[in-house]
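Chain IDs A, B and C follow the sequence of writing; residue 1 opens each chain.
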Amino acid sequence: MRSRIHSQLLGIQNTPSFSAGKKFQLDDLIEAQQFDREILADIFEVAREMEKVEKNSPGSQVLKGYLMATLFYEPSTRTRLSFESAMKRLGGEVLTTENAREFSSAAKGETLEDTIRTVEGYSDIIVMRHFESGAAKRAAATAEVPVINAGDGPGQHPTQALLDVYTIDREIGKLDGIKVALVGDLANGRTVRSLAYLLAKYQDVKIYFVSPDVVKMKDDIKDYLTSKRVEWEESADLMEVASKCDVLYQTRIQRERFGERIDLYEEARGKYIVDHNVLNVMQNHAVVMHPLPRLDEITVDVDADPRAAYFRQAKNGLYIRMALLKLLLVGW
Amino acid sequence: MRSRIHSQLLGIQNTPSFSAGKKFQLDDLIEAQQFDREILADIFEVAREMEKVEKNSPGSQVLKGYLMATLFYEPSTRTRLSFESAMKRLGGEVLTTENAREFSSAAKGETLEDTIRTVEGYSDIIVMRHFESGAAKRAAATAEVPVINAGDGPGQHPTQALLDVYTIDREIGKLDGIKVALVGDLANGRTVRSLAYLLAKYQDVKIYFVSPDVVKMKDDIKDYLTSKRVEWEESADLMEVASKCDVLYQTRIQRERFGERIDLYEEARGKYIVDHNVLNVMQNHAVVMHPLPRLDEITVDVDADPRAAYFRQAKNGLYIRMALLKLLLVGW
Amino acid sequence: MRSRIHSQLLGIQNTPSFSAGKKFQLDDLIEAQQFDREILADIFEVAREMEKVEKNSPGSQVLKGYLMATLFYEPSTRTRLSFESAMKRLGGEVLTTENAREFSSAAKGETLEDTIRTVEGYSDIIVMRHFESGAAKRAAATAEVPVINAGDGPGQHPTQALLDVYTIDREIGKLDGIKVALVGDLANGRTVRSLAYLLAKYQDVKIYFVSPDVVKMKDDIKDYLTSKRVEWEESADLMEVASKCDVLYQTRIQRERFGERIDLYEEARGKYIVDHNVLNVMQNHAVVMHPLPRLDEITVDVDADPRAAYFRQAKNGLYIRMALLKLLLVGW
């Protein structure tokens, strides 16, 4: 990576808001495997600070002069806006490519590596979304600037995994000893797979899998949890699980996974709905999470309950991304 | 709405350009029915100040640190650029979604309300364009941040209405006692309907309707004007009307309203053209307005005449939007 | 053009980074014919300064308060990002329209001139990409703000031509007396035609044309070079030319030019490949250039050689565009 000298800040009081940075442990953010408990705690600590950044405070200018390129090969407006908001809330600037797949050069047959070499000439950090698993790793191997994976196909979406764990920590106050129910499409859901993987880094975690038969959690994750001595069980009884867990993580049954078997899709999506009946059996301190967008797997009447944490969870994505951009660009 | 503490300014001379704001009367800008004469006068007063904002003056930084999201469910580059320019001319920042209809979440079936709850987490104000009448009202009911309606289908486009009235005031110097000719497609034109509605708030206004038979002004507006004792008349004689009016507001005959009846369209669009012959009978102080884009309903030779006000009118949209963004975000 | 008073700078040390500007010789940047040796030298001198602009230095704020509109009627992400990066690296702001062709108004039949009159109301400079030759000239004739041509169809792409010449100057250290080989698609390549044209302004230049028969350099450029007493020759021997030239400028054979004659395309594209064998015969001080994107006309193993200048060339586009934006907006 290029050496990055910590730049002078142009703050209201002309006082730097942070001292010349100690380098962050990571050069790029590509996959959940990069994280250990210590790095997670570090990122979460910075995210907590980010929650307190006020408009026009010195802290809101820590990335002044830096340029982020959002290189999105498939649209994901939610993720893109979250990153762009994070960059701008820290005083940075953004170059946007929402349809990089039709990037004239890519369409003409340019390799991802050549595109990266060009884009890094224009920017200080690249946030990339791609439709191919492994694309982010290839980009990071080429780029001299930091690369953040904003999702690469069926592969990784590490900032989503981070914001999920951060939200559990913020809402429940701890990660060791928690009980988490993963509900819905566990076979295809990238988020629940990553979440299970990261939870295995904590002590005395218990995971419940509640899903229709056609979209059950796959064996690789179950075996991994077992190897890490994480307790898990499958259940068909959402009410019972709801009454015991700290976190009920609901997911959307993805219609596109069922092809022409609409009958199976309809059967699966109606099976485990989080509504006021489920809320009624949940503990007072417990929360409902969801990666969004939701359809009707959480009914709208749940929204008003303070235990409905999914919009706070989305907002936490902003703080996690602010933290990552700061850490990768200017260090501690 | 969230409380908004007026932030410190980072001006060249470190002097705030305005005092800590008194709150604006409105929380959101959704429809023309929200306006009375007083609010219109207030907005116009701020718009006049906006005309004088100089590059890099303290006034050009009043929205520093604020983020506007342009959530456009259908493209309208002209309106989007006008809002984004307004925000940036006041030191604010912008998150752009030009194809929110294909917003991955919306495409997956997310409700507008859920999208709004997510986007408001990333921004301080939402400017929304939608294809459905009433969408802006729904968004405002959900959002904790201010929402500005940048057009919702056949419904409202209140900032266009504001800039039209503002332009008449700027060009003619008064609103009471003016004579306005509305020409062209009066049946489908959202702008002329809103303009007629707002003009009814002023005294001694006279309105002429000049339109092909197939696109005449509808009875609801005529009845409304009558109930408000606004004088109006229909005329087929553009030259005579042109010689008497202060404002000649021309509009485009919209081809898409005629379906397969291209013959009717061709007949309608050629009927009332504003050209140098029309200009010749107009009074010296009178002006020609048009919401743009124009095709040939105003001939190009009119452009050079000082009474051609339509490009100044477009520019006034910038000042009106600067005023609204300031008022809704930081108050007076 | 509007008079532009040089604005106060908001620099870290509150010292202006440049004195109140002497006006640049050009009002717009439309075509290579506007350049003479003196203007080229002037632009290159400013581009050299731009290479040294540091983050958050006073120099990085020279365009603070200025707004650039990128009005792209066809996508060209590489060129757009380069301009937007240039503007932002100088503290300026950007309004983006990536699909101006579907600009609602253009789709409704608005003329380019009317669109320009509207967009110039929102911005201080317009960077336009268009699919029609001559469009940039029309825009410049209408606009009161400066217009930069970012490519108009088969017409001109003057900033590409500038960055090519600048790169030769930077890499070789001189322009008089250089030997340049133009390789690949010389019939359709806009860049090589412009480059040949600009090189004719320098002394004792020698140009080699190396191309498959079906895409040979056209007579107009050859005649022009002859009239300017520039020595040129055609050769079929890439190795021999490579051993003699200072610059080997490779280009992509454009598949879209061959229609259904894929056989001719395949024959042409495989004929002159720059690989390590070609590198081996090149002089130590010589360089390989390419306008990018490249397919396999330069093999990937060439990239690591210091003589591979094409990514530096792309980066030079940034400095050239920074220089042009500064010169056109605030002068010297």
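By definition in this document, a residue touches a chain if its C-beta (ideal position, glycine included) is under 8 Å from a C-beta of that chain, and two chains touch if they have at least 3 such contacts.
Going by UniProt, the chains are A, B, C = aspartate carbamoyltransferase.
Only a predicted model underlies this, so the values are computations on that prediction, with no experimental measurement involved.
Trainee: Same or different for chain B and chain C, where same means more than half of the interface numbers show up on both copies?
Mentor: Different-residue interface.
Trainee: Please compute the angle of the rotation superposing chain A on chain B (C-alpha atoms), rounded to a multiple of 5 degrees.
Mentor: Fitting chain A to chain B on C-alpha atoms yields 120 degrees.
Trainee: So the centre of each chain is just the mean of its C-alpha atoms; given that, what is the distance between chain B and chain C in Å?
Mentor: Each chain reduced to its C-alpha mean, chain B and chain C end up 39 Å apart.
Trainee: Of all the residues in chain A, which ones touch at least 2 other chains?
Mentor: 10, 96
Trainee: For a test of understanding, state which residues of chain B touch chain C in their complex under the given definition.
Mentor: Residue positions touching the partner: 10, 12, 54-56, 60, 75-78, 81-82, 84-85, 88-89, 96, 98, 252, 292-295, 311, 314-315, 318.
Trainee: Mind listing the chain B positions that touch chain A in their complex?
Mentor: Residue list for chain B touching chain A: 7-10, 64-67, 69, 93, 95-97, 99-100, 102-106, 108-110, 114-115, 117-119, 121-123.
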